[in-house]
């Protein structure tokens, strides 16, 4: 175990996988100078500019070329810089990467990782702050991963790189500098599709992912002081997601809050809520609650940006109300 | 009232609005020859090639140029041909059209209609068949419309053209030739955000939109023979959607089925289901059920394609089971 | 014996003619089947453009690779795809190249380096570039030919892909099939400047601009370009002027152009031109008729087989989606 | 009195110098405020590129329009935006150009035809083209100048937008600020061919390629190009060679380039060049110092005002979203 940052953890993960498998390479803008968040720092020295490739500002072709390179047997790790810019490459991701294996009847696979940092990062405004993870869960063929901790950003990135299908890998921009205890050595893998009970509890279930995990844990801490035990589940992977872990928990607690940073409307929280309603509906002790951003673009000005944030208080308040009713 | 097709209805709507407002114009590939589904047939003769503009195959710029043209006071109607191709223009739609009004503090508006035909259309396969309406409901700034009938394809298109914000307008490719009674004259407007109770009933509520409406009505017909009265609600507009109409209905019937052609996972049905669970959860008589496509790309071969379709039988069966339980 | 102009030997030209004839027969049969409703999806015929497919692919090894477009039957056949398997795909049957999942717009045959057709105009360009990028990283000496239409040169990936290939010095041959149409629109009406080759040159690529209906010329030009690819000279560009003799799809009567224009273009039909050339080289028309007849028979058999083949098992609607998270 | 080379009159050049000085002062203050954490978002300085903004916008009428990029303060000031309003925007305050909702990357000022900065590289190109398309449809005689960087010429919309403008004969002036960098990358390292102007010419546009640090030259060149736009000659292209004297953002020390390289480029600083030119034309350095001083004072005041301005009301987080379906 070492205490390292989320940023260092994924750096280690990529370096280990590149050492292990010569077919793994990374491509994107400015990677040679370490990438825009330092998450490629120093890699070009070890692996050279062929395997840490600086590209033109050509998002569509970064994505499309990775599809081609994956089809012929390499394992590209694509850096999109901000998930917002990946919107310049949606055809290549959704119509090509996600569908090639199926459309071609299984003749080939598309083992690629698409890194798309998400989330609010002080005053990044409407085009540099979006959390669009829900979108990609809707697209057959894609795996969607949203690591919340340094340990997971190591273990999940390694699993993503080893996955034979395209993985949309969404780090959160506000987590890069957050440290965590991370298992040492190259064998720390976190399986895709397995949630983690970040805190056990019996009064209500809070399902969350990405940066919202720390907010949910804070809320759980506050609730504990009021004698309420919240169970906090970090989904880690949104597709496939760990339905069973969530259903088991909610079956025990009878109450569900889904907390996400993304816009609530048609966010992934809707899928979680709908699934729980379908499976457990009449057995719930209280109505389901979703928390997330109102449906408005993200403003630049700090106080306006903050209006959109889900806070520990809002989670705790919601939990208290749910636990009071029913 | 005249009996005209869905295709003719929207042709009439566009022509009427172009006559009424000289700022309205249409742009897209092959419009001069009537558009790929004939939905622009004859318009170039009346309005000339400036206002029915044939464009290069440049989806990103079709969308982006429309944003610019809208910002300076024209009212473009953008034709994307297949919603799948609109994926080549997502930055322009999501980062630009949807956000400009807000990012610029309300200095300008983006009155444009983005037509994106959706849905399965025999053997169009994975890149020409998608129903991605759910995606756009997640994006602040966008209105999302999914007309199910010829009457609505007239009245909603006219409302969309008159709307001062970007409207993602999704016709269904399998409906072009379907006739319906359509009110005559240029005053037939259908308001954005109002659902229609396509059939009243008290035993369960079936919420649907687009082509699935006819399937749901068929199911309701079959259920009637078994003595079950299903209420069928056509949402018509997915954003804003008529929450109140749905909640009122489900409050009465106590049972909800959401039927959609799109992939179930994170489709708009999840938003409807989650909302009803939040608002009415413990008062439901039976668990909510969502029907839609399994999460797989759409295959070419007819029998494989059909595996993904929601049928009247599957809706009726689900309704019967819900009505039996509870 | 050889044709002086392009120094092509008659046997090679005869083989080209045979392959072109096979493509022609395939396209005619596929269009007919589409009109009869036997092929349920769209069919985009490459009739009139066969010389390009054949002239290019004749210079590729089996393990070299290609990407193609919605109009890709010819390229597939020229690269070595079995027409019978491809016809089964068009019929949506088991045993089709993609198991019936893709249809005409998603033909692929990785066994012969055919990396896939594409339903999205210009989408094959970055994919081809990436395949070449992969070849370079793997050091396997393969080259990639990337087919696309003149209409595709107005989409962003055209610029991005060419620039990328040049920046990374990748072994890609870009082949533009400049057939005058983009669906129902005359490409020139929506395209500025001096054409695809001029655009390529501005991005630093060597570009040739030739009559794409002359198979010997295509063959000879590509031989040179592919040699340069293999020598590591970076991407090469080839614009092939041709004409789309049929409608955009089997359903398109192409009433937006005069019959007289089309008739004039039939005089420049590559099958006709190649036949005349072969005759000048001493091959009898009866021999050529035999080649055409063999193609027709082979395609008729493919068609009959396809029509008789079973549909894929319904469970395959859920296979090949993804390893984790596929529908149960 | 006028400078023979560009036939520019000294008063016009003096005004250019004053505006360039205002931009310089604004950028210096904004960068400083960003480093101090007073400006919470990213700041991209246009120091070294002021001559382009000023030389171009001097040839536009107030109701002509521009689009710009993440590096757009200079263009905005040159087009007539009040620096005080813009500074409030950078501080996220009420009364900012976008009411604090946009920040530096989303400056817009429709009152002077500034249609918006953009956080997405090259995204302003289609928007500018569309604005020109709108102008043509409305017949209002306006022209549009579209600013973008050299890095943007590798994105698809560059090709698509130029082609579109030419096909529809639109009054757009494309202005490439060829400042040698795209973020931390040297643009040349990822760009093939003979540069932006060559690409534009291949798409059929008339293109000029000039020293963008010479404001008189920019002014004179643009005067001619804009005259052609107004005459209906269709889109024009201008490549302005320059150098990004600061880091990519205020947070970027730009350690990826040698201090000596940067120093050499400061010798070619447009402020310095213009001052020398004015001195040659007989304007005293003391007068120029006065102009610079006035700019510094004006910006200092803008800064103080911005820092003192209130934040926008929280309810405005939900205004300007959309007419139907906005959050309650």
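Some points to look at:
A, B, C and D label the chains in the order they appear, each numbered from 1.
Keep in mind that, in the parts below, contacts are C-beta pairs under 8 Å (C-beta built on N, C-alpha and C of every residue); 3 or more make two chains touch, one makes a residue touch a chain.
Predicted model only: the values in this text are computed from it and were never measured.
Note on interfaces A-D and A-C: more C-beta pairs are in contact across A-C.
Seen from the C-alpha centroid of chain D, the farthest chain centroid is that of C. Distance from the chain A centre to the chain D centre is 36 Å, each centre being the mean of its Cα atoms. Distance between chain A and chain C, defined via averaged C-alpha coordinates, is recorded as 41 Å.
Measuring from the averaged C-alpha position of chain A to that of chain B gives a distance of 30 Å.
Computed centre separation for the pair chain C/chain D is 45 angstrom, with centres defined by C-alpha atoms.
Chain contacts: chain A has residues 55-56, 58, 60, 84-85, 88, 91, 95, 102-103, 125-127, 140-141, 239, 295-297, 299 touching two or more partner chains. Each of the following residues of chain C touches two or more other chains: 96, 98, 100-102, 106, 118-120, 154-157, 160, 163, 167, 189-191, 321, 325. Interface residues of chain B, counted against chain C in their complex, comprise 29-30, 32-33, 36, 54-60, 84-85, 88, 122-128, 294-297, 299-305, 307-308. Residues 40-42, 89, 92-93, 96, 98, 100-103, 105-106, 118-122, 151-152, 154-156, 182-185, 189-191, 256, 311-312, 314, 316-318, 321, 325-327 of chain D touch chain A in their complex. Chain A makes touch with chain C in their complex at residues 23, 25, 50-51, 53, 55-56, 58, 60-61, 63-74, 76, 91-92, 95-96, 100-108, 140-143, 163-165, 192-193, 239-240. Interface of chain D with chain C (complex): residues 154-160, 162-163, 166-167, 189-194, 198-199, 201-205. For chain B in complex with chain A, the touching residues are 84-85, 87-88, 90-91, 94-95, 98-99, 102-103, 125-127, 132, 134-135, 137-141, 239, 262-263, 265-271, 273-274, 276-282, 284, 286-290, 295-297, 299, 326.
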